[in-house]
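Both of the next two complexes hold chain A, though its partner changes from chain B to chain C.
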Partner chain A sequence: MAAKTIISRPIYGTLSPQPGKHHLFIADAEGALAIADMAAKAPSGFFEGAEIVFIPGPDGKYVAALEALKPAQFHTAPSFASLLPRLKQTLTNAHMGLRLYLAGTEGLIGQAMQVALEAGIDHTSMQTEHRGSLARRMQCVHCKGITENVTTQPATCSHCGLLLLVRDHYSRRLAAFQGVCINAEDRSEIPPMEEAFP
Partner chain B sequence: MGITFRKETFRDDFTFRNSPEHIRRFPFPFHEDSYMYAVNIEPHVVGPKGSVLENLIDVDEHYVAEMQDRALVLAEDPLRCQSLPHMTLAGWDLLELLMEQQALGYPEHFTLERNGDRWRWINRPLGIDDTFTFGDTSTLPYGPMEYITRQSQGDFCILDQRDGNLWMDAGMVTTQADWSLDFDIGMNFFEWHAPVPLAHEKGIFVRALKFLINIQQGKPARRLNWTMTINPRLDTSPENYHKWGPDRTTVTPENVGDKVHLRVELQSFWRLPRSNGIVFPIRCYLIKMDELVTQPKWARRLHRVIRDLPEELATYKGLTRFRPTLVEWLSKLDDGSPTSSGFGPD
Partner chain C sequence: MSTGTTKLDVVVSDVVPVNELVTRFHFRRRDGELLPTFSGGAHVVVEMRDGERTRLNPYSLMGSPLDTREYTISVRRDDVGRGGSLFMHNSVKPGLEMVISYPVNLFSLDLRAKKHLMLAGGIGITPFMAQTAQLAGEGGNFELHYTCRTASLGTYADVLRERYGRRVRLYHDDLEERIELDRLLSSQPLGTHLYVCGPAGMINWVRDRAAALGWPPETVHYEHFAAPQPGLPFDVTLAVSGKTIQVGEQQSLLEAIEAAGVDPPYLCRGGVCGQCETNVISCDGKFIHNDHWLSEEEHRSGRKIMPCVSRFEGNSLVLER
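This part shows the complex of A and B:
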């Protein structure tokens, strides 16, 4: 987490079991550990009404740990994009009282929240826990392209190639931080690129 | 007698100028010789004849040229005008407000005829004569907010009020001081102001929000804000920052008077009757240093304000690169004599 922050920057919490019959968990990579930690505090039978969808990442870790929780439904997906159609249907068909838990990288939490917001779920009702990489999803304010997994400051826009300052200003609607050209006034100024969001 | 509308540009050859009458009516934003944020909100009531407050929605000699510049911006980037689906009713509220106010203040230029829901709107400066059904979007060439704000000077944000907060859910933003509607749309009052330095710590936004959510119909409020812009460019959007940013490196002691502009926003806040939203017009006024210093009091005061501005504010307002050159230039016009209190020229 950045030491100095601003109000639009999301604040994440720690997952905790919520009252309700239906629980939907969306997680990637180390986000699985947040679910496992929460399971230790959950009442017995909690996962009988739970669905876990999980994007394991390249090393394929943690799948067995989540299966061991014996959720009513368990699904793994290779990427968020591949998960999207299923997630949209689940949220469209969801009844009042569905509880949502998002855990893992900021990019995963942000994109899952974006889909849930579009389905009419209030962001303050969602449980979130950040685990794993600090990599950011960034929108270039100039060309509007989204660059995934930004780890450096500044960062190059993967669409238009401008060198961007990755701001803390964050849009839930876009699920992205804002990137603004860092040397717009004098393009010959090239600040060093540092690993800022490992 | 009507307004003589200037033919001028806010880009490329930058032919924008203020007439001598418009220099005197410029809304100079400093009532004393220093500046710090404050909740400087006051009732938006009619002011003296010949001032920008003579009418609550001001139309001036730049009207036609500003509307032409807006059309150019929208042709390049339609995302400058957006309205979330629940905001259409508020758009009709805004259309009514702007048509009424412009027709009231400038009957020689604008006419609104109402026959039940059948309305006829005549805008002579832009050559528009449209008849439509109020509330029926299919009878207008654009949505109601876009239709009327293509014919009204200034940016417009429409805020939805819910959960004790204000949400930026619609807007027409083409003359902004470096913020992006496309990025900020859907945010609440604190979120879209998040990047502003110092003011959060001072509790400015908490108090401002409290004031705004209590605004009543028929009792609008206003405040002034300011920054500086190099060249009379209306579109200083973050979207185009990589195009206009280099202007800031072009200021020299010889061209300060022509290039450096004080940019003042007259922000007003109005409760909308049907939607219970709030519309927030942000009207931008530009004046180049050569024009501003024709009023000696303004020259002395601006020198002191810019010289003593806290560093964070200078950085946030983007003045860092040219501030020393500007202060040096202005210092020659400041003999150290006292300035009278209040905004107006002597």
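This part shows the complex of A and C:
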């Protein structure tokens, strides 16, 4: 669970069933467990109005656990990019009464939230639960390039190569943490790199 | 005194009867300058100097926010109320110099919305007059559903239909026309925000159905100015200022505190903004809470009161004022 450090640093909750007519779940990897835990508390018939979109990750675990919930619709996708067109289409055609549940890594939650914000859902109206890796999606403030799955502090920008301090400063609009050059005064100064976001 | 609000010296520039219950009042600045900018949904508090007595009543601004040469309010006559609306109807004539507060908005549009769905009941139409004008000027997407008792009491229904055509739907109680609320709420595109202003029963109904149908609380906006209810007179001790005062039958607790020369902060005078929240030091009796600000738990605790609309019955009440 991420600790609150500065105001923009997202905090996540625990999924809970909301009143609504349609329930859209987007999850990756261990996020499936958050859905399964919530299902234990959901009223009977809840998943008859639910759609689950799941990115299983390399080991392919948890697919059966989610199928067992018997959602009205269940899809898997190899990556967030591959489910994006479908997600956008779903949100474009949706009506008020659709509730959104995001579970899994911060990168997945952040990117799904970014799309949902554009569709007009307030970030406080979404249910979120962080599970699994603490890896961060980072934007280099210098070249603006995005680096996915950053686990170290500091981290190297995959676009311009600068060594960046991964800040807790977060942008919902970009769905990314801010990375700022850690040795701008003296490039020869290389601080030790630690596995900070396993 | 009113928190963060400076007063505006105005003159009544026009008084226009709208129908048998509603009259519209126009205000301009006495110095001829433009009035402050406001946004749709804002209200002003009008000071009514009626002999010895001063009433301070909030009214929604109903003119276009794009035109600040004048402010307009519409006042529905309430023959059994505490007299503010009767004072406006009977004593306020063109040329009268009055004092009003700066505008304050506790019912503003959320401009991130993809669409604005507005539900008005009766005189609750007034904030929507300003909001629709604001949105229309910006090409905003809105739909207004307006319930009134009869066509002749449908204040500004004709104006709205003429301005906005099919974006305005009218429902007349006397013709048994009713909003199909569940269908309406369930057919709105994602990103719609809901606004409701009207009688308390209507607001509660709409909020309850919206919540049940999955509208997040952030998307549901409502405004209900609870006019202070008259009640039995009661005595209050103001501990900080060391005064004991009586609250009259037709007076609100806030008005009685002000009449004693103590100036608590206020903004809405209708139990919604929270500014005049006052701590109770001790009490022997029961509270009559009429506000929409304190939680149910706070109401039960007997530790807080909103003096603008709530009253007390019992032996003694000591407030931290």
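Going forward, the second predicted complex is superposed on the first by the 194 of 198 C-alpha atoms of A that agree within 3 Å, B and C clash if a C-alpha of one lies under 4 Å from a C-alpha of the other, contacts with A are read in each partner's own complex, and residues count from 1 in each chain.
FYI, contacts are C-beta pairs under 8 Å (C-beta built on N, C-alpha and C of every residue); 3 or more make two chains touch, one makes a residue touch a chain.
What you are looking at is a predicted structure, and each value in this text was computed from that prediction instead of being measured.
Novice: For the overlay on chain A, clash or fit between chain B and chain C?
Specialist: Partners fit side by side after overlay.
Novice: In the superposed arrangement, which partner chain does A:His159 touch: chain B (first), chain C (second), both, or neither?
Specialist: Neither partner.
Novice: For A:Arg9, using the defined touch cut-off, is the partner it touches chain B, chain C, both, or neither? Pick first, second, both or neither.
Specialist: first
Novice: In degrees, to the nearest 10, note the angle that opens at the C-alpha centre of chain A toward the centres of chain B and chain C.
Specialist: Angle at the centre of chain A: 60 degrees.
Novice: Tell me which partner A:Ala184 touches in the superposition: chain B (first), chain C (second), both or neither.
Specialist: first
Novice: Would you check which partner chain A:Lys70 touches, where first means chain B only, second means chain C only, and both and neither mean what they say?
Specialist: neither
Novice: Classify the contacts of A:Lys41 with the two partner chains as first (chain B alone), second (chain C alone), both, or neither.
Specialist: Neither partner.
Novice: Would you check which partner chain A:Lys144 touches, where first means chain B only, second means chain C only, and both and neither mean what they say?
Specialist: In the superposed model, A:Lys144 contacts chain B only, not chain C.
Novice: Please work out whether A:Arg173 is in contact with chain B alone, chain C alone, both, or neither, and reply first, second, both or neither.
Specialist: first
Novice: Taking the superposed arrangement, what is the smallest distance in Å from a C-alpha atom of chain B to one of chain C?
Specialist: The answer for the closest chain B-chain C C-alpha pair is 5 Å.
Novice: Where on chain C is chain A touching in the complex?
Specialist: Going through chain C, the ones touching chain A are 112-114, 185-192, 211-216, 218-219.
Novice: Residue numbers of chain A touching chain C in their complex, please.
Specialist: Going by the criterion above, the answer is residues 18-22, 91-92, 94-99, 119-122, 124-125.
Novice: Any idea which chain A residues touch chain B in the complex?
Specialist: 6-9, 139, 141-142, 144, 162, 167-169, 171-174, 178, 180-181, 184-187
Novice: Enumerate the contact residues on chain B facing chain A in the complex.
Specialist: Residue positions touching the partner: 79, 180, 182-187, 190-195, 200, 238-242, 245-246, 248-249, 321.
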